[in-house]
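Two complexes follow with chain A in common, the first pairing it with chain B and the second with chain C.
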Partner chain A sequence: MDYAVDVKEQEATVRMSGRLTFNDHARMRTLIREMLQNDARRQVIDLANLEFVDSAGIGMLLIAREELSNVQKEFALRGAAGQVKRVFSVAQLGKLITLED
Partner chain B sequence: MTATALALYGHGMARDQLRRLADSAGLALWPPDAIDRDLAPAADQGLAPDPSLSPEPSLSIAPAVIAALATPPGAVPDCLWRPPFHAWIEVAGLAVTELAGLVDRVGRYTLFASLTTATAKELALANHLVSALSARQTLRPDTRDDIELAVHEAISNALIHGNLQISSPEGLSINSLERFTSDVARRLTDPSFADRRIEAACTLAPGAVVIEVADQGLGYTPVRSPSGPPPARRPPPGTDHRQTIVPLASGRGLDLIGALADSFEFQDGGRRIVMRFRL
Partner chain C sequence: MQSAWRWGRVFGRSDVADRSHGALDAGPDRVDRADDTDDTDDRPDLAGAPSVPVRQVIARWLAFADLMRRSFELLESEIDRASTLVETSTVDLSARFRDLAEVARDQSQRVEEIVGLAQFVTIDGEAVPLETVVTSMQDLINEMVNNIVLLSKKAMSMVYLLDDVQQDAIELEKSITDIDVINRQTNLLALNATIEAFRAGDAGRTFAVVANEVRHMSRTTDELAERMRARVGAVVKGVREGHEILRLIAETDMSPQMLAKERVDKTMESLVEQTALFQRVLSNTASSSEHISKNIGTMITGMQFQDYTKQKLEHVNDCLRVLDAALETLEIETRQVVPPTLQPEIPSAWIDQLLGRLTLSEVRQRFVRKLLLDGTALDAHGALDADVGHRDSARSSDDDEAGAVELF
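Let's turn to the complex of A and B:
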């Protein structure tokens, strides 16, 4: 998994690409820290270029949501497509995290 | 498939080692004259076999090639996951008898892989296996995605919980993620964990594929009865999933496997999961 963070005033957009799996715990930990530390009140992960996510990846997204909620930051996922969108549907992730088109 | 139809190709391996392996396992080399025609240097660089080299007549009919992978194998090129390759064996630390045992198992399956934990963790093995399967059997895109995720979850469980004997992160916090990451890194530096093997094998049957994933850990006792019905059935592509399945960070992904496979069961004390998918 790779990502790039773009902070603009109230919203930080994280463009994520590649595969988000159990192999990305360390990188995801770093990303969550970045999202906690930047000044934007709202953090959005853009998943349009993410090819694959597994249950560990979903677990890490839930950890991001929890940690950001602890510091009163909003969190949303945007643009899931293909396999990622299908897994979110299977996991009914939309009940726990805001999903945007 | 008989043993005589099998041949061996070396990826990232020295020519002497490859020749010894082929001799010890009673296998022909593929391409058969790779060594004499100086293909070994290409293999050392991880390049594909040269298709212009004509294999022996007996192999040209239906060659089934085992890719012997060095440790670490580095990037395995995509062409090594396409026919005629149908088995991938990392040869690190294998005794001759162990290699012979694996070669014997290769013949029982459509696809077969045996890798160390350290290597399996770095390779997107499920993705490669499903690509290899797609080269032999047309799969609908949704079906392909479902099989890949279920196999990936089974491999993740085998790696993390089976061979490395590590529990999932506890609780939804960055600290639990940190502990988990350092536990994995520490176990991977210990050869008694990192060298344990992951086996993944596919069998194509009429209208279905059976995929097995096995580890060498302490075993696993499933919460649900293995003989009982799976927790969920895969709905036809394009329909909504009816059950709420939210695999939390502490989950093993088994709910996902239950939702994606048509059935699954554990064998060998939980060290082997056997999943069946309708095609």
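Let's turn to the complex of A and C:
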């Protein structure tokens, strides 16, 4: 998995690509720290280019939401498609994280 | 020759025996012969001596009267037969239709039972509505998927936690190493202090005791550091192993199992749709069977036409009996006023015409028997029956016999 963070005044956008799996746990932790530390109140991960997510990936996204919620930051996932969208739908992730088209 | 004999027997004529088959159909020939016979037997008191054409007509009339009476009797019995046949067939058909209606009703009931059963699934002996089964299955799978999501999150939290513990353990190992360095320095300092104390002689004796104590403490600290290193090493090893096990658990991708929910949902949806389709088809079948049953009921009612037909045929028979009686009376009256020598004229053309209409061999045989053989010795010996039985072979093997039967 690769990512690039673009911090604007109100919103930080993380463009994620590749495959988000267990092997990315260290990198994901770094990303979470970055999101916690930047000034934007709202953090959005753009998943349009993410091809695949496994169950560990879902777990890590939920940890991100929890960590950001602890510091009163908004968190949303945007543009999920293909397998990622299907897994989100089956997992009813929309009940736990804000999902945007 | 046999058929000619029969003609003579039927009409009580002796001269008929001399006639050939061909003569029966030849009208003018018959007339001539009748005239020959009648000339000698003519009664003088016949109402002013009837002329030849009148006697001819009377002779033909008498033969017709005889044949017509026999025909009427036969028609009556044929009508009775037909009526009985219709009645028997109608009763039989009604019984069969009733059976059919009952089968259709049974079928309708059974199909309705199936329609009722199709909505339920038996689980542990309890009938559970299919919709409930589907909903509970979906709830179960949702719960399973939610658990997978929750466990994945917990597993990742644990991974991060063990990452931190590992980091802390490494820090701890570093700290122990730092203690070692400090301890070595302390030990060296204590050694130097002891040496300096010896150099100072008596003045340094007390200091030498302190320096010795410090060296002793340094050894104790070294032993403690060693024990801590061993313990921390064990903790780090345990954490690493735990981390490895957790990695194996957390990196097992459960997303295919989560996506299996899609398949299960589709299967359930298809199952419900298919069951609904079955129900619709079965319901239609049940109503079709019911419809058939009702229609058959209507048909059975419709078959009561037989009663009406029977009554009508009885009316026809009543009329025929009256006509028959009237004809007989008239025939007797005619015979009383004509000379006994006046022989009836054989209405062979009429007989041919009549029998020609009868295409049903069974009916034709009865007419032949009634009109031509009634009361004869041949009939009594069942000659006609034998004829009928071997009609086909007789036709080719015995021309005379076959001619007698197939003449008409």
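Quick note on the criterion: the second predicted complex is superposed on the first by the 101 of 101 C-alpha atoms of A that agree within 3 Å, B and C clash if a C-alpha of one lies under 4 Å from a C-alpha of the other, contacts with A are read in each partner's own complex, and residues count from 1 in each chain.
The rule is simple: a residue touches a chain if its C-beta (ideal position, glycine included) is under 8 Å from a C-beta of that chain, and two chains touch if they have at least 3 such contacts.
Model, not experiment: these values are computed from the prediction.
Once the two complexes are laid over each other on the shared chain, residue contacts for A:55 go to chain B and to chain C alike. In the superposed model, A:33 makes contact with chain B only, not with chain C. Touch criterion met: A:63 reaches chain B and chain C at once. With both structures placed on the common chain, the touch criterion links A:10 to neither chain B nor chain C. When chain B and chain C are set side by side, the one touching more residues of chain A is B. Applying the stated contact rule after C-alpha superposition, one finds that A:19 touches chain B and leaves chain C untouched.
Once the two complexes are laid over each other on the shared chain, residue contacts for A:90 go to chain B and to chain C alike.
Within chain A, the residues touched by chain B in the first complex and by chain C in the second are 21-23, 25-26, 29, 54-56, 58-60, 62-63, 83, 86-87, 90-93, 96.
The touching residues of chain C, when paired with chain A in their complex, are 142, 145-146, 148-149, 151-157, 159-160, 163, 247, 250-255, 258-259, 261-262. Here chain B touches chain A in the complex through residues 121-122, 124, 127, 142, 145-146, 148-149, 152-153, 156, 159-160, 168-169, 172-174, 176-178, 180-181, 184, 240-241, 244-253, 256, 259-260, going by the rule given at the top. Chain A meets chain C in the complex at residues 21-23, 25-26, 29, 53-56, 58-60, 62-63, 83, 86-87, 90-93, 96.
Partner chain B is touched in their complex by these residues of chain A: 19, 21-23, 25-26, 28-29, 32-33, 52, 54-56, 58-60, 62-63, 65-67, 82-83, 86-87, 89-93, 95-96.
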